[in-house]
């Protein structure tokens, strides 16, 4: 079994694990973690693609590698925005939950922002 | 598999294609850098220029009858990145180019900065509004699947903070839910991109399309990318984030989010199935998409009927109207394909104008009455007739009644679905039209009768006219000449046309 | 000569791996945070030091050897700081309880 | 089976196990610590895939900076996250979700294994065009030359992320500094670490950026290391987080994309196309752009971690 094959299997497993966490975990911070796992699984798939495209004296195709670098930075920025939203929500409401019922109890006078 | 890169060559005037992206990017960077009141001025100065560029691009596409192409950085695809504008791109570009400045004009009263100091909400709003424009331009013009991914992310980052500008807990929760759905969507899209690159070694749409074969990697990529884009477009059953996010944002932001932002990811679903995967058998996936769309129409309309707040009602009607967009997919192969495509695009554009007009009107109503509870709207139309006229004219398009762009869209889609024998979509559309009539009646009927209520504040004439102008555009789209539909076909792959 | 270098490397790296293992076992088996820290910092620093030592004669250039030593020094620094911080947090928690 | 293969399999199992731990661990704090470990293991996987540039990025940003962000959040959320616990899915729904996820993973694994071994790739074209960029590292060439448009837009994404994070501030704090008002006394242990590490780290960061032209490394990785140094100095309370209305801060945040954009527009005048470089100027132009990108990354990452302004602005 080559390291590329192994990497592919790990990547696929990570996508599955992350997807499960994203759907099944109720706490937003755990969802963010799961999103990061899923993201890194996707990046690994890019890595396998790069490795399988080794040519011209290169051990791996540089184009997917560059895309992964872009992707890692974007994923970090996304995590930062999400984490800060969770913290702000926690601060404003005393709890960090996405459940609808928690907000349904709040008085809603319809005077939303205009 | 060797890729023939000579297929991509820049066309005359192609350099124009970079401007709709670069101008708002300059706007974002400068607005953030020098801040304060100047953010608003920068946006208001750049938007007309951007609209002019969009119109110029449309004219060039029209005159040449061919898509406009530009290769960036001096490298041709597959190594480099190309921009490409076909008829559909140009129409969406102009649509966005009109709605964004309308929302901006409307927003001036809510997001004005006092002289000298910088305030939070205005700076964020003006910066991100330009961010949305840049992102949509990337999406409408991008010809490279990874570049489109970056465009999608730009759109997410620009759109999400607008939802929770007021910082209330429920809007923060709505923004977070929106962000999580959007991130899920991006990751799935990106995974599909990885698989397509692995299979064919290029991400340029024009180079990729002829290479596509029905093989496992392609099917999985198609499924993942479509699922991801549907989460961002809020197609049933992935719509859960939309109503609270769109209904709680400031009116000008709601107009852009509901009118334009969801169309960005929809646009990519169309790119995917009509351009990249045009050679795949499209009936089964198209039918699945249309079935989800039908469910969205019925479900969204029924829920809209049951809402207590006007902005929530309008947000649920977006869920329903997004459903119509997906009825074009099972009709994409055959002699009726052109009608179905035109219908879908017309729906995307007319809903954008109508929905923007409605959210702006709803914002004015909420501001004038101090609430937007539907049960207490009695007589309100007498106090603010122009606002309700805009709401009603927008509603015309949602119901699909003539004369309106919505009517033309639904008519074309019905024609196509009956022509190819898939009349079930026509039935759904008729039912959706009736339900839309129902929920609009709930709002408009009491509003035009009874005592006019005491207004807390008269809506400004200028803001009413912005909403009305948008609603009028949605109506005027009904009079689109046949040439408009020919224009939409510019750049469609020959595969679809060959069957005609 | 080559054989001697190889034997030296194997011996040093083997010893390093042993200390890593011992440290990990300590981390998992020791009862309280402070003794866990003790196991971790002592064994890991020694373990890494021995591995670096074993790799030194195999480095291609003086610069590479210097980099190896720098890695060890940086890990020492980070490990010592982290241990300090964890230790203090444990003590604060203990005194608060 | 060779030793290397056995190590590969062990590494793969370990990555999978730690990943599962971050999903299934009971406490959010334990899960985030697991995530940091996972990130470091993952960078080893990237080295095994011969993607050293990615390994560096993963270690610095994917594991390092993201780790600080998540651990900080988990610590602040303690007590708050349990509120959502009872809202987890029912057994049947969880089973269905698990089934779906396994299906996706299996389909993906199958497809990835089926991808051709000597697959289509742009490696050859990347190398053929490398000479005219003056660079030696093809990954850097993709990022700053062939697909520079992506990279410029991604820098704009970072700016929008900062705007988004700051937008969460309370109105009265707009323009102020992020982070709680701090005790004036620096933490002595951390202060020592920062004083020793920061100068070294800055050296390493600049070095990694500089060699990135020809060897693994580059603006992202170097910038991330510089960012980490600034974060350590701030954590040690040797310096305060800057005010978000400071012009120099905003200039540093937008400098990367702005210079990139300006060079792109200049390309349309001097090199016949947006984002094109004249051949004789390619390498200096690329290094010039990258310098500002390093600056912007080094400032953006800590500001994203620091969060929205939480103190009233000083005049």
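Side notes on the structure shown:
Letters are used for the chains, namely A, B, C and D, taken in the order the chains are written, and counting of residues starts over at 1 for each.
Just so it is clear, a residue touches a chain if its C-beta (ideal position, glycine included) is under 8 Å from a C-beta of that chain, and two chains touch if they have at least 3 such contacts.
Bear in mind the structure is a predicted one, so any value in this text is a computation, not a measurement.
When you average the Cα atoms of each chain and compare centres, the chain farthest from chain A turns out to be C.
When the C-beta pairs in contact are tallied for B-D and for A-B, the bigger tally goes to B-D.
Chain B and chain D, compared by their mean Cα positions, are separated by 31 Å. Here the CA centre of chain B is 57 Å from the CA centre of chain C. Chain A and chain B have Cα centroids lying 25 Å from one another. Averaging Cα coordinates per chain places chain A and chain D 13 Å apart. Taken residue by residue, chain A touches two or more other chains at 15, 28, 32, 45, 48-49, 52-53, 63, 67, 70, 74, 77-78, 81, 85-86, 88, 97-98, 102, whereas all remaining positions touch fewer.
Among the residues of chain C, none is found touching two or more other chains. Multi-chain contact residues of chain B (touching two or more other chains): 79, 146, 150, 153, 157, 160-161, 164-165, 167, 172, 191, 195, 198, 201. Chain pairs that touch, as defined above: A-B, A-D, B-D, C-D.
Considering their complex, residues 1, 3-21, 23-30, 32-34, 36-37, 40, 43-45, 47-63, 65-70, 72-81, 83-88, 90, 94-99, 102 of chain A touch chain D.
The touching residues of chain D, when paired with chain A in their complex, are 5, 8-9, 12, 15-16, 19-20, 22-23, 28, 31-32, 35, 38-39, 42, 45-46, 48-51, 53-54, 57-58, 61-62, 65-66, 69-70, 73-74, 76-77, 80-81, 83-85, 87-89, 93-94, 97-98, 100-102, 104-106, 108-109, 112-113, 115-124, 126-128, 138-139, 141-143, 146-147, 150-151, 154, 157-158, 161, 164-165, 168, 218, 220, 297, 301, 304-305, 307-308. On the chain A side of its complex with chain B, the touching residues are 15, 22, 28, 31-32, 35, 38-39, 42, 45-46, 48-49, 52-53, 63-64, 67, 70-71, 74, 77-78, 81-82, 85-86, 88-89, 92-93, 97-98, 102-103, 106, 108-114.
Taken in their complex, chain B has these residues touching chain D: 1, 3, 10, 15, 18, 21-22, 25-26, 28-29, 32-33, 35, 70-75, 78-81, 118-121, 123-124, 127-128, 131, 134, 138, 146-147, 150-151, 153-154, 157-158, 160-161, 164-165, 167, 172, 191, 195, 198-202, 216-217, 220. If you check the complex, the residues on chain D that touch chain B are 107-108, 110-112, 114-116, 119-122, 125-126, 129, 145-150, 152-154, 156-157, 159-164, 166-171, 174-175, 245, 247, 250-251, 253-254, 257-258, 261, 264-265, 267-268, 271-277.
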